[in-house]
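Below you will find the structure I want to go over with you.
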Amino acid sequence: MTGGMSGLDQMDDLYEVIILDHYRSPRNTSAVENPDIDLEVNNPFCGDEVRIQMKIDRNIVSHVGITGRGCAISQASASLLAELVEGKSSDQVHGAVDSVRRLLKGENITDQEADTLGDIEALQGVRKFPVRIKCALLSWVGLDDALKDHIAGVKS
Amino acid sequence: MIDSTGNTVSTGLNVNSIRADFPILQRKIHGQNLVYLDNAATTQKPNQVIKSLTDYYEQTNANVHRGVHTLSIEATDGYELARSKVADFINAPRSEEIIWTRNTSESLNLVAATWAENNVVAGDNIVITAMEHHSNIVPWQQLAFKKGAELRYFAHNSDGIIDLEHAMTVIDERTKILSVTHMSNVLGTVNPISELAGRAHDVGAVIMVDAAQSVPHMPVDVQDLDADFLAFSAHKMLGPTGIGVLWGKVSLLEDMPPYMFGGDMILEVTYEDANWNDLPYKFEAGTPNIADAFGTGAAVDYLSRLGMKNVWRHEQDLTAYAMERILSLDTVKILGPKDPSMRGGVISFIHDSIHPHDLGTALDQQGIAIRTGHHCAMPLVRSYDVVAAARASFYIYNTKSEVDALVNGISETEGYFNR
Amino acid sequence: MIDSTGNTVSTGLNVNSIRADFPILQRKIHGQNLVYLDNAATTQKPNQVIKSLTDYYEQTNANVHRGVHTLSIEATDGYELARSKVADFINAPRSEEIIWTRNTSESLNLVAATWAENNVVAGDNIVITAMEHHSNIVPWQQLAFKKGAELRYFAHNSDGIIDLEHAMTVIDERTKILSVTHMSNVLGTVNPISELAGRAHDVGAVIMVDAAQSVPHMPVDVQDLDADFLAFSAHKMLGPTGIGVLWGKVSLLEDMPPYMFGGDMILEVTYEDANWNDLPYKFEAGTPNIADAFGTGAAVDYLSRLGMKNVWRHEQDLTAYAMERILSLDTVKILGPKDPSMRGGVISFIHDSIHPHDLGTALDQQGIAIRTGHHCAMPLVRSYDVVAAARASFYIYNTKSEVDALVNGISETEGYFNR
Amino acid sequence: MTGGMSGLDQMDDLYEVIILDHYRSPRNTSAVENPDIDLEVNNPFCGDEVRIQMKIDRNIVSHVGITGRGCAISQASASLLAELVEGKSSDQVHGAVDSVRRLLKGENITDQEADTLGDIEALQGVRKFPVRIKCALLSWVGLDDALKDHIAGVKS
C-alpha cells in the first residue's frame, strides 16, 4: 500500500503542518510559579488531558504554561492557545474562544477575527472530522470557564 | 493451513462462506474495503439474523402471553423457543432460568438491585477483579456505598493474569458475592471461573459471571463453571441490539424480589396489593423485546451450527497471528497475556508515539475499524499509566489478511506522522 | 365518505395505500384474511420501519459513542437523530430530555425508582386513577409500601369519565406525584391531563403521564399538557419491540440519580468511585438498543407524514361506527364512555352469554384478532363485576369493513354456541 | 358469511357436544355443608374461576359441589370432574388427574384409563388449541393439590 492508496492524504486538513508542528513542539510548556489559574481539563472518553497555568495581572494574561497528554489535535490546540493568550485581556481571550467555537462549528468568522486567530485558523480542518471537535475545543472551553471564575472571584 | 486468499480454513470455519452471510462486509469506507475489528464493542449480523427480524415483523408480530389469537400464540411460542435455545446454548438446566434483559449491564444491575440488595449488609464485602468493565464495577460500588459494605478487588500480574492466591485471601467469610468477568474486554484474559466459584461457595458466597466477552466466543457451560448468575448481550454474538440475558439458578431467582413492576410480571393485582408471576416472567415487566428474542434465537442457531469450539479455535489462531505481526512493528506494546493461548481475540495496544485517537482516525481512513479510548475500563487502562489504548478485536468473519491490513495500516500511519 | 371497498377516505388517511405498506396484512389466518384488532396490545409495522432495521444492520451497525471509526460515527449520528425526531414529535423543548428505555413500563419504573425514591417520604401520598394499567399501579404501590406513603385513587363514573372534582380533593398538599394514563387501554377514556397538571403544580407535586395509548393515536404536546414526565412505547406506534421513551423536564432529570449503572452512563470511574455522564446518557447504561432507535425514528417519520390529527380523526370515525354496529347486536355491552367523541379507538365489551375467551377463539377461527382477559388492568375490569372482557382496538390500517367482519363474527359465534 | 365459510366448524373438536352440555348445565352445583375441602382456583389471565367443595369419608369423596364462572372449557371441565370424582378414593382421583394431564398433553392413555374417564375423553379436542389447555386443567390440578394436602393433614 502506498500513501496515496491508503487515503491518508485525506487527513491533511485535520493534521495541517502547523498542527503537527505544535503537537511535536508544544509552546509555553514550562511551569508557572504561583499561578492565578491552575486548571486541569480532560476528556476521559478520548483520554485527552491538559493542564493550564496562568498568571493574570490586572485582567491581562501575563504568563501561560501548558502541559498535557493526548491526541495531536488536543495537544496542538492547547499549544496554539498558549501562544495566543499571552498578553491578552480576559475580554480578548473570551472573544478568541468564541471565534474558535464558531470556526469549528463551520460558521463564518470576520477577517478581523481571522487576523486575531492567526495560525489557529489551521484548526478549521477539524470540521470535516466532527468527532474530533471535542479534542480541539477541550482547552479553550476549560480556559474560558476558569477565566470567568477567576474574574468573578477577584471582583467579589 | 491458509488458502490462497489468506483465509484460515484449518479451524473448521469456512470464513469465505461466513463472510458471504454478512452484508455489511460489502461496505466501502473512504473508498476502501471495510475491515471490521471492533467486535468486542459489537459484532456484525448475518442475513439469517436480519431475516429473522424481518420475518417476525412481516408474518408473526403480536404481543405475547395470554393472547387467544393465532399471531399472539405464534409470537409467544417463538419467544419461548428462543429462550430455550439460549438455555441449551449455555447448558442451563431449565429454560425459566433465562431472563431477557436489555444487555449485560442490565443483567448485572438486576442482580445488584435484587439479590445483593436483599443479602448484603453492613460489614459484608463484595469482590471483583481489577480488570472489570464499568458495568461490573459501578453497580457494586453503589451498592457497597448504600449498604456500608466493602468493595474488594483482587490483583492480576502485569501480564493480566489474575493472582489466584491473592483472590483466595480477598474472598473471606464476609464475602456475599463475587462478580468476575469471564474474559476481559481489554486484556483478553480468560479467568478461572470454576476455581473462583469453588472458593466463593466454600465461604457461602455466590458468584456472578460477566460473560459478555465469553459466551460469544467460546463454549460456555454454566454448570461446568459452577456459576450462580451469568450475564451476556446478544449484540456481541451476532444478535440484535437491545436484548441481553441474565441466567440464574432457579433457587436464587425464586427468592429474589422483582426488579421492575408492571405488565407481564404480575399474577394478580388489586387496588391494595399485587403478587408476582412465576419465573422467568417475574423479571420481565411490560411488553418484552419480542422481535429481538427471535433474533437472538437465530444468532444462537448460527453459532451452534458453526460450533463454539471452532469459533474459539479460529479466534485463537487469528490472535496468535495478530500478536506476532503487531509485535513485529517494534513501535507497539500489547496489553495482557503474552501467551496467545491464554487469551481471547481482543488485542489492546499502545503505540510509542501515535496517540490511539490519531491512530483510530488514520486507520478509519484506510477502512479499518478499531476502538480507541478507555474501553469502559478506566481504572484498568489507567493502571498501565495511559488514559487510552487502541483495541482490535476479532470474530468469525475476520481473516489473516485483515490482520495484515491492520499492521500495514499502522505502518502507513507511522509514515504519515513522520513525514 | 366511504369508497367502494368500505374504506374511509374522508379522514385524510388513504387507508388502501397505508395497508399496502404492511406486509402482515397479507397473512391468512385459518384460511381467512387477517383482521387485526389488537392494536392496543401492539401495532403492526410498515415496510418503512422494517427496512430501517434492515438498513441499519446491513450498512451502519456499530456501537455508538466515542467511536472514531465511520460506522460508529454514523450509528451515533443516526441514534441521536432518532432521539431528536421523537423530541419533535411530542414537542419536547430539548432532545436530551428524551431517555430511551425498553418500554412504557420501564419508563414508569425509572421515575418511581429515582425521582419518587428521592422525593417521597412517609406520610406523603401518590395519586393515580382507578383505571390504570398494572404498569402504572404496581411501581407506585411498591414505592408507597417502602416509604410508608399512601397510594390514592380518584374515581371515575360508570361511563369511565374521571371525576375531576373528586380528583381535586384527593390531590392535596402531601401529594408528591400524580401519575395518570392519558388514555385508558380498557375504556378508551381520554383524561384531562392539563387540568390535573394544574392542580398537581398548585400543590407542588409533579405529574407523570402514561401516554402508551395516546402518543400513538393523537397529537401529543408535552408543553401543552403541562406534564413533567411522560412515558410511551414504540411498539404501540408502528415501531419495533424493545424500545420505549421517558420524557422528563431537564430540571427534574438533572436532579435525579441514575437508574442503572455501567457503560455509557459514566463520565469517570476509579476503583473507589464514579461520576455520571450528562443527560440523556446518565440514564442509558450499557449498549443501547441502537437499531430499534433507528426503527422508532422511522415510525415517527411515518406517523408525522400521515399527520396525527388525521390519525386521530380516522380512529374516532371508526370507533363511532364500531360502537353503533356492536351495540346493534343487543347481546353486547360496551365499557367506557358512550359518547364516541370522548374516547379513543379502544372498545372493550362483554357478551351476555359467551365468555370472552370462547369468543376470542371463535373470532380467531374467522381470522379476527382481538384481545381477551384483564388487559393488565385487573382492578378496573373487576370493578365491572367481571374477570375478563373482550377488546377490539383500531389503528391507521383498519377499515369499516373490518368492523363489519367483527360484528358478523360475533353473530356467527352466537349462532355456533346456540346451535 | 355462513357457518362453513366462517370456519367455526373447525372448533367442533374443542366444543364437543358433551362439553357444551356440561357448560350449559353444569352438574353438582349445590353447596356442600361442612365440606372437608373448600377450594377456589382461578386463572387470572383468562378470568376463569372455580370453587370446589367436597366431603371426604375415609379417603372416599362422598359429596362434591362445584360452582364458578369462566369460559366453556374451564366450566365444563369442572363439571366433568365433579361427576367423576364422587365415590372415588383419593388414589383413584389422583390417577384420574394424571390420565387427564396425559390426555391433554397428547400422550397415550390405556383402554382402562379411557374407561374410567368416560365422557371426559371429550376434552381431548383441547389439544389442538394449546392455549386452552390451562382452562381445561384448572380444576383438576387444583383438586389434586387440595386432596393431597387434605390427606397429609388427616395423617399428621
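Here the chain labels run A, B, C and D in written order, and each chain numbers its own residues starting at 1.
The rule is simple: contacts are C-beta pairs under 8 Å (C-beta built on N, C-alpha and C of every residue); 3 or more make two chains touch, one makes a residue touch a chain.
Keep in mind the model is a prediction, meaning the values are calculated, not measured.
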Exercise. Can you name the chain that lies farthest from chain B, using the mean of each chain's Cα atoms as its centre?
Worked result: D
For this session: Just list the two chains that share the greatest number of C-beta contact pairs.
Result: B-C
Problem set entry | Computed distance of Cα centres, chain D from chain C, in Å | 38
Exercise. Just curious, how far off is chain D from chain A if you go by their C-alpha centres, in Å?
Worked result: 81
For this session: Express in whole angstrom the distance between the two chain centres, defined as the mean CA positions of chain A and chain C.
Result: 48
For this session: Would you pick out the residues of chain C that each touch at least 2 other chains?
Result: 30, 66-68, 268, 357, 361, 372-373, 378
Problem set entry | Set of chain D residues in contact with two or more other chains | 44-46, 132
Exercise. Can you list the residues on chain A that touch chain C in the complex?
Worked result: 44-46, 130-132
Exercise. Which bits of chain B are touching chain A when the two form their complex?
Worked result: 30-32, 355-358, 361-362, 365-367, 372-374, 378, 381, 386-388, 408-409, 412-413, 415-417
Problem set entry | Footprint of chain C on chain B - complex, ascending | 23-24, 27, 29-30, 34, 36, 38, 41-42, 44-45, 49-50, 53-54, 57-63, 66-72, 102-106, 108-109, 112, 130, 133-139, 141-142, 153, 233, 235, 240-244, 260-263, 266, 268-274, 285-292, 357, 360-361, 363-364, 368-373, 376, 378-379
Problem set entry | Footprint of chain A on chain C - complex, ascending | 65-68, 73, 267-268
Problem set entry | chain A residues within the chain B interface of the complex | 1, 3, 6-8, 10-11, 14-15, 20, 42, 44-49, 69-73, 129, 132, 135
